[in-house]
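Sending over a structure as structure tokens; questions will come in a sec.
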Amino acid sequence: MTDAKTFMQAPDERGRFGEFGGRFVPEALMPACLELEIAFKDAWSDPAFIEEYNTVLRQFAGRPTPVTPLLRLSEKLGINVYAKREDLAHTGSHKINNVVGQTLLTKRMGKTRVIAETGAGQHGVATATAAARLGLECTVYMGEVDTVRQSLNVFRMELLGATVVPVTSGSKTLKDAVNEAMREWVTCVSDTHYCLGSVMGPHPFPWMVREMQSIIGHESSRQLIELGVATPDFVVACVGGGSNAAGIFSGFANTSARLIGVEAAGGAAVKNGSPGVLHGMRSMLIQSEFGQIEEAHSISAGLDYPGIGPEHAYLADAGRAEYYPIGDEVVLDALQLLSELEGIIPALETAHAVAWITREAGKTIPKGSSVLLNLSGRGDKDVAQVRSLLRGE
Amino acid sequence: MKPLETKLRAVRDSGRKALVPYFMAGLTPDWTQHVEAAVHAGADAVEIGIPFSDPMMDGVVIQEAALTSLARGTNLDSICADLAKISVDVPLITMTYFNIFHHYGLERSIGKLTESGIEGAIVPDLSLEESGPWHEISNSYDLANIFLVAPSTNTERAKLLAQASEGFCYASARMAVTGKSSDEGDAAQVVAGIRAGSDIPTYVGIGITTPKQAKDASKIGDGVIVGSALVQLLIDGAGPGKIEEFITSFRLAID
Amino acid sequence: MTDAKTFMQAPDERGRFGEFGGRFVPEALMPACLELEIAFKDAWSDPAFIEEYNTVLRQFAGRPTPVTPLLRLSEKLGINVYAKREDLAHTGSHKINNVVGQTLLTKRMGKTRVIAETGAGQHGVATATAAARLGLECTVYMGEVDTVRQSLNVFRMELLGATVVPVTSGSKTLKDAVNEAMREWVTCVSDTHYCLGSVMGPHPFPWMVREMQSIIGHESSRQLIELGVATPDFVVACVGGGSNAAGIFSGFANTSARLIGVEAAGGAAVKNGSPGVLHGMRSMLIQSEFGQIEEAHSISAGLDYPGIGPEHAYLADAGRAEYYPIGDEVVLDALQLLSELEGIIPALETAHAVAWITREAGKTIPKGSSVLLNLSGRGDKDVAQVRSLLRGE
Amino acid sequence: MKPLETKLRAVRDSGRKALVPYFMAGLTPDWTQHVEAAVHAGADAVEIGIPFSDPMMDGVVIQEAALTSLARGTNLDSICADLAKISVDVPLITMTYFNIFHHYGLERSIGKLTESGIEGAIVPDLSLEESGPWHEISNSYDLANIFLVAPSTNTERAKLLAQASEGFCYASARMAVTGKSSDEGDAAQVVAGIRAGSDIPTYVGIGITTPKQAKDASKIGDGVIVGSALVQLLIDGAGPGKIEEFITSFRLAID
């Protein structure tokens, strides 16, 4: 930290984190964003709401998730790695934290329906899950390409009572699913909440989703102390939109820990992007010379996003967090390493963070350092793909 | 008062309902001739869409048009170069998403647009709250800024948007993105909201695809905006003759 | 309960629960069984071992798993259903509890390798997982038919560093995988522990596995009290070999709760079986007129077993627990019901227990009763099969 | 002393190494003739396998034989009926898994077996600890019980098993199930363990598939048991001639 600023507070009244964030949406959605901001602020300061949110996370979603000392990996790398086990949360990733909060908020706002975008299906399944629990109607927008690649997740959402709508515009993937969800939200905003899946979109989403994921960081910080680690030297998370990273960083933003976000090399918005406006926010984006948004490319669908949440853009700008790209080629090795040494098959997204730690141990990460890894999700969803890749199919 | 508003007030003062067709810049090599054909057939102003990869406020027709135009290699520079070729006596207004200008640079964009004959801008994802810097620069270039007011906008907010709008205020007839629609819409309520805040010309758009719908809308507002129906025609390969015919049918309906 | 007997204590010195249990194995394995019995008794009374076991369960396996009040299902059925969420344990079912214990014991015995049988792959994946964590070598025997049906689980085990051996004898399914694991154990018993997956096999396995699963019952009983339920009226679990049932029953064996085990109709050893000897134990088995073991048939691979753990045979005999069959035809409905109402896609095995509760609510289960369901596993492993079945493929 | 043991001690006392082949009952319709052929060629006793669906102690060859026999519809009744047809002057010993008898009824099984000429029983999954009830009944029928001792059995336990065995004690040459093997085995150690407990005849089996292996084993124990190699021959369709030839080769090797 270069100065005594405190990080990861609420954004300013326009929803800005430094120069990033804000609210760039069609007027039709402005009232909903304003309403949501008020509703969120109100709920988030209501002990009864917080109590219900925490109860559902505990009783339904399986929180707290443990922190696992990764003993064999640590020995191999000469550093001390601890994994925050979001893979053990209901539906298999951190995504459930956010949707539990947003669906409770939906009910509190008197809305009866949620819509969501999804890439590979993790956020869609999580949203369908939380919606089912509350009896909310649920429609999920998913790029047509992804509905084919991840047809089992489509079926999973349907089992949970959701309707999945294939999006045929643009590149037919996540970015277009967001566009389409926004377009649809315009038509049904009176009874429908848009349950956005990461720390992106217009204010108050980046802030709200970060707050709803901050439980990861708060739990971890307490759990590490129990394990004898007052402050870890590094906190490492993969970054698609950046919600799992924001969640875990929250617990350590104002400590001496170095915060590391790992992006897919084919979607490295901090390293290869520039400031721009997309999906309601000003942030770092991968874009062409004339401001057309480029498609991201990654082995992992969850990191296949050309932008990054605005607060991350700010943390990068302020020098508080560092963001590094990891290429597809080392991700499979990392997934195999963690599986074999620790008995945990991570999601491909998470494997990016593992790959960075593995590569940088003894380099950026000095020997003997303590490293907290956010194990954002389990790899079950990815095993078929990993098998094809390893077999060169 | 910016030149655009002076001109559009004049149209209204003349007792004429304004007809504003939308074209996607660069959709075809001869797109500028389509603009001219429309003006020839009675358009009072023309909206020029600049294609963006992620048009959040647009339905499938305009999405497709944007991708087609981009695939032809268009960009802000090439479009402005094309604009210079258009010779019409009605104002040209651009419509696109904020990132195009944000990335090109605000002052550089506004300079380029106004230099190319653009008098107004509709940037649907540039909310009132975020429009400060853009507004400031456009003031020094006499570029008018047009805001949309939606059925979801409350009266207080509608007033603010009406007052911030220049040239005209865009009344969104329904909660929808651009494209076909069959419902009645909420234009009357939206226009009333705008008029409670300002006497600026108020044009109704979003989902107006038939002369009948245009006629109804023109009774509510001071003009109508016709987008997707026209763009669909162009996608289907319409030439200047067909465009004149299309515009004429709307012209007749609202007169 | 008919008298003041206490249930679910240790078996007698021959490993018998009443007339069931014992140790029917080739002499080559007797020393290993005797050694294991001594090692287990020793470990299980060693506070340091228990502490390590509990620590690994907490830090690695995600215990305690929550108890979730199933509000919407309860409302629909007119009873109060609570789900013990073993689906949230690492690797997706209760199987991890047992393998964590047995692999720690393996190390304590100075052995360096484990073997295991698996049906659909749940126990195999769990064993491979726990073995990876400790750096134990692991070989899993799996019926050849199952290796084809569940090829992704085979790959999962391989990712975890295990070797999967397809078993081509007999019906090429679970029963044969157990036979084959026993045969292989004969050849390598000096350095290898056989990590059996349920409360079956020769003494001390049924007892040891029950003890290692009893954490389910003990947690549940405490958690229900926190939820205001002193003693549930019913405790319901599906039964393959019977480990998840034994685990949850342990917490309530000496209370007034009715204990219900739900077997697959095509493998209903209590209802349709007779006493017999298989896989090292005397228990209830489905067998022909001349004592040939019959193949079980179930929609769910995990219940596809022609026997039942000996302690269950005893509990049935003593009238302490009741065992009912559920046919394939109602299982899919139950799976869909729980998914839609509660946002939890259960394993097909678990769905049998849900189906029984759904069918008996207002009948065997009086309105207003409190029912504890052991939600033994998640359905992710089953969605492809469920999709095929629902689409009539 | 049960009759089986008297007979087998007499074989040993005559200075002859015992040769005990194993047949799967019911493998072929003419399986009883195979038994007779083996005796003709010099077998001193015959093991009669009763097929079981889940033969935990058997390798692939005997597994296959069991399934083939079962597929032919054999059962304890039909096998006992077949046994009555066998006319040989050496003892017959049955080998199968406990569930066959448990299900049929212990007393009923033993009555039936002895009535059909069976003098001894090997039940590999009936451990010493579980054998009480079976032993008790077999005593009143003069059926001898044969236990296996394995390389993993410690000396104390080997003594108990040797003492509990009747007829002969089965020394498992290696930690393996029935079938082929190429290693040396641990027969010497196992046999020594048995002899420390009892002077009962001790036969070596498990994995003896060649005359050479039989010769080596016969130097260690009082006899050898040959199973899978013979059963494989039968699966491959061998008739009485081939069987005599096979048995003769073993006979010559151990004499």
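Which chain is which? They are A, B, C and D, in the order written, and residues in each are numbered from 1.
One rule holds for everything that comes next: a residue touches a chain if its C-beta (ideal position, glycine included) is under 8 Å from a C-beta of that chain, and two chains touch if they have at least 3 such contacts.
Here the structure is a predicted model, which is why all the values come from computation and not from measurement.
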*To get from chain A to chain D along touching chains, fewest steps?*
2
_Common touching chains of chain D and chain C_ = none
*asked:* Going by average Cα coordinates, which chain is farthest removed from chain B?
replied: D
*Approximately how many whole Å separate the CA-defined centres of chain B and chain D?*
97
*How many angstrom lie between the CA centroids of chain B and chain C, rounded to a whole number?*
67
*Between chain A and chain B, what is the separation of their C-alpha centroids in Å?*
37
*Hey, how would you classify the chain contact layout here, line, ring, star, complete or other?*
line
*asked:* If we count contacts the way the header does, which residues on chain C are in touch with chain D in the complex?
replied: 14, 22-32, 169-170, 175-176, 179, 182-183, 186-190, 274-280, 282, 285, 287, 289-293
_Residues of chain D defined as touching chain C within the complex_ = 52-60, 63, 67, 70, 75-77, 97-104, 124-130, 147-154, 157, 161, 172, 175-177
*Note which residues of chain C are touching chain A in the complex, please.*
58-60, 62, 65-69, 72, 85, 87-90, 92, 128-133, 135, 152, 155-156, 159-161, 335-336, 339-345, 380, 383-384, 386-387
